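You will see subunit A twice below: alongside subunit B first, and alongside subunit C after that.
Presenting the complex of A and B:
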């Protein structure tokens, strides 16, 4: 008896029982089911939700792999053990040591994210008697990419359980949720464990650990892992860097230090500290092109988010240009960033391509997608500039617009409804 | 006033098994089956009993709500069986056909001299009224209400559909008579849309407004034409008649005989030699396909693959259908079918599906759903194949939560289930769109009327 018929027999045996959804979920991963059409259309397109989700995962894989290398690279670079890589193909970046360290840190995040998230999904499917839905396949991949590298795994587990249950299952599962589950998880982490989600210690592997060791009196070098947004937010302030290996102290400003450390190309290629998978703008753009080509991601949302971000950036540049804001203002640093540079610092591109485009939580009408995306970009940069505690607003902006997406759709659809009403009035008049 | 309608949003599904343009002789069926479910929302009241002899055109039942709405026997013969289901619902009326057909004589009419009411009364008396359907609700037209316009589609763009230019050739006299009759039934226009560049006998008939259509399916759907030419508003009705039924109406008017003979396209990859045959409505499909079919794990459909009805091997041709399709059943598992690259199935995405590389390839699709039923997730895919000025997903959802006000506002008066056939085909979540719309329309019919 072949595997196919054996599995078929098990499926028939457990049909209608509580465990059927759990078995079917595993079975359908191996085999496309033998279900046929009844009435209605007798033929169907080749695509199903699994294929759709799988396509998004494939678009994320380059970011994940890059994130592993970058985790190792940032760590060794901060320790001064390797030279800064020169461009995307720099030898000191694509080294085996970087990968080993990165994989050792990142893979547990992936495993915990999928393990915990899918366990919750299976549990709900079995309790509620519906099939296990595919939504978490993408969420589970996104989560490790948008958290700091050293986040404790128990924290991640708690956040994933919260995100899946409160963000999705209470609404009825995939397709019914209002908020993007991955961002719900991110937001939970941010508000529940803020010290682990912001500051200059969490973005490079071992920085927190070393800080604690130093506080305990051990003799190790500190690692600082400020993100670029952090640098820019404080760009006018003075910065003192303790000399390492007997070097003398350097006194500079945050802004100058950022310029010393990273070139625009570093930001574009992604050779900077940040959440695991969001640093490489280059790979995100490749992923975006892939999603647009496969027609899985909405180019309308991606494009309009970028337009919105640029528009807000231009307005801030205008404010600086007009002299309405003093250099001493705490908002000056980020306002002064040239508008186009907002796209290569922070996670606006990652958010636009992989988060804002989630079809369930985004606006659903084509016109609505333009408005929705534009406002995400616009508000992201606004929060980025005006939020002194944590200079990144993308996830907050997307969550906010998730809530407003149905309202946007409502007004777009009212346009269509009004057209119909007008037609009726013309007729009866 | 001729207009050209160009449809951009849509999808031509190219399948193996297109009918060759020859009409092959087949032996006439000995059994004919009339299914009341073909006449949606009609509750039949029998006029004949088992054993009664009927002539072709003689009424065998009428609507429970309207005694004058008659449903005729397509053939002369003996009522062999009335098959009933749960609660004694009539499922089938089986008629054993005579060897030589006798037609009830309704008398020849000169349409040009008839008034609207006379035409209406004559069509009802001859059993031709069920050919006239109405929007809203996609049911047999309410004769008491005057339609603002009547629409006839002279183009069938569904997959493997019968080529109307071919099957209507030589029927000019009947078509003209029937269209003239239709012009008497409305104060508005009779709109006839034909394929651009085609050679349809329906084009430019005096008294009608001719349009040409081009573009992918559903450019031939009458619902598309209504939406582009004169959409239905609340309180209004338009009537529709299919082109081949016009021939039957025309023949009744010209000769006095009810002759429900059509040229049927026998299509699909399981048919050995796809071609046309002539048959009478309700004919046994077995006789139509004879030995021309591969019956090994085959789905037989009366109608096209998008909106037709599944039939058993010994099933019958639907009352309105002019096509029989046979495709393979897809009741098998496919190893890693959800993530491996796919070349042999149609897809509108490019997610490792490669039908976009071969736009002219003819596919041999089976009945597998290619995935499991899910909640609505993706957006924007329906809009790509849906040319009506209506929001398809929002309309479907309004039907699912039965919000009558919203259904009305979103344009349910304008649609029929077949308009949602393509969105159902492309649906990643495998939702039964046509069923959702049908149930929505039924609810509106019941609550609003």
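Presenting the complex of A and C:
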């Protein structure tokens, strides 16, 4: 007897009981069910919820695999054990060692994210007696990509439970949520455990751990794992990175330009420290093209987010150019970043492609999508520059605009109604 | 007595001023990061509301209805100033933690609400019971929220460490296993979410409370 028919039998056995939704979900998740609709008119479309979700997951897989390699690469690079890769195809990047270390760190994140999240989904489906929805499939994939590599697994579990319950289930589950659940999870982690989510230690594997060991008096080598944004935020001040390597002390002083540290191509290919899956702009763009081509993601939102980010960057550049801000200001470093460069540092592209386009929480009208996306980009860069604690703001900007998306839609629709009323009056008059 | 006991018991659960009437939320969010502050705040509100209700009830027949809000404000303000001065004299550190929120008891909607809705139309004894009941209902929520926020946010209860020692190098208790305090719990938005969860649990248990 095949697994499929076994699952079908189990499903039949539990039909009508409380546990039925859980077995149904298992069945439909693994196989196409045998049942067909019997009455009424029905339209067959290929892109049901399951396929939509799977398409997004496919677009995310390259980022995940790249994230594994990058995790290992950043770790070994910080330890000084390997040479810089110098480009996307560098041999020291695509090495087996990097993959092993990265997978060892990243796969537990994926497993915890899916395991805990789906457990909550199943629990709610059983309690409330509705079918398990596929909404969590994408969230579960996004979550490991937007957290630092070393985040403790129990923190991730707590955050996933919080995000799924408070971010989604209280509003009625998939399709009813106001906030993007993946970003709710990230925001929870960010506010609850800031030492694990921001600062210069969390972005490279083992950096925090070693820092704590050193604080406890053990003799190990320190690793620094600052993100580029961190460097920019500190530039203007003299920046010194101290570390010990093999017993001898190394002090590296960088100029006030992060470009001394990483080339623009490194930023584009993604060979920089950051959250697991958001560093490679190249793979995000490929994912974006895939989503646009399959008509899953909205190109309007992606494009307008980028336009918004560029606009805010241009304004800041203008402020610097006009001399309205002094070089000693702590905002000078980030304001002085050339406007286009905001796109390849930080996670604005990842947010624009995978987060802002979430069909549930985004604006629904086409005009609304332009406004929604533009404001996300605009506010992201604004928060990024002015955030005193942590130089990034993409997730905060998207969550904020999630809240405003229904309002934007309302006014777009009302505006349209008014316009058409006017036209009607002109005709009848 | 049955009717009178209802005055005390009703606001504790099925007609709770915070979770059902959704009044007094501001102070519930602001001062519940520590359990001690929640308790002191509850006692202050208990005093102001119980005494205020009696005073208003005694004066209910001589207050001209056109200026009743002003009279109520004067009564509340007098009582709040007494509370504030007592706190400053006997618990200075705590009064600094509570800061303006003691003064803001004046604007706590529960108090004006009870004056308007109850004390103006009932005898002093019943008004007293009503004041006690409503401030206890307020206290219950404040203490629940304060308990969870202090426990999960700082790992202490009434300032006493209960989950172990979080100082690096001398970790003990839960912290030795990698546990960390949840900083989000100390922020006001989390108080709103905790109150929301209480409302959720309460209405799931008693479906009659769900409004459309």
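Keep in mind that, in the parts below, the second predicted complex is superposed on the first by the 381 of 429 C-alpha atoms of A that agree within 3 Å, B and C clash if a C-alpha of one lies under 4 Å from a C-alpha of the other, contacts with A are read in each partner's own complex, and residues count from 1 in each chain.
To be clear about the criterion, a contact is a pair of C-beta atoms (placed from the backbone, for glycine too) under 8 Å apart; a residue touches a chain by one contact, two chains touch by 3 or more.
What you are looking at is a predicted structure, and each value in this text was computed from that prediction instead of being measured.
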| item | value |
| --- | --- |
| Residues of subunit A touched, compared between subunit B and subunit C (which is higher) | B |
| Partner chain(s) touched by A:173 [first = subunit B, second = subunit C, both, neither] | first |
| First, second, both or neither for A:366, with subunit B first and subunit C second | first |
| Partner chain in contact with A:12 - subunit B first, subunit C second, else both or neither | neither |
| First, second, both or neither for A:416, with subunit B first and subunit C second | first |
| Which of subunit B and subunit C A:49 touches, first, second, both or neither | first |
| First, second, both or neither for A:194, with subunit B first and subunit C second | second |
| First (subunit B), second (subunit C), both or neither touched by A:40 | first |
| Complex contact set, residues of subunit A against subunit B | 4, 7-8, 28-52, 54-55, 131, 133-135, 172-176, 293-296, 298, 359-360, 362, 364-366, 369, 409, 413, 416-417, 419-421, 423-424, 427 |
| Interface residues, subunit A side, partner subunit C - complex | 152, 154-155, 158, 166, 170, 188, 191-196, 212, 215-217 |
| Touching residues on subunit C, where the partner in the complex is subunit A | 168-169, 178-180, 182-185, 187, 193, 196-197, 200 |
| Subunit B - residues contacting subunit A, complex | 13, 231, 233-236, 299, 301, 305-310, 325, 327, 329-339, 342, 345-353, 355, 365-381, 383, 389-391, 393-394, 409-411, 421, 424-430, 432-435 |
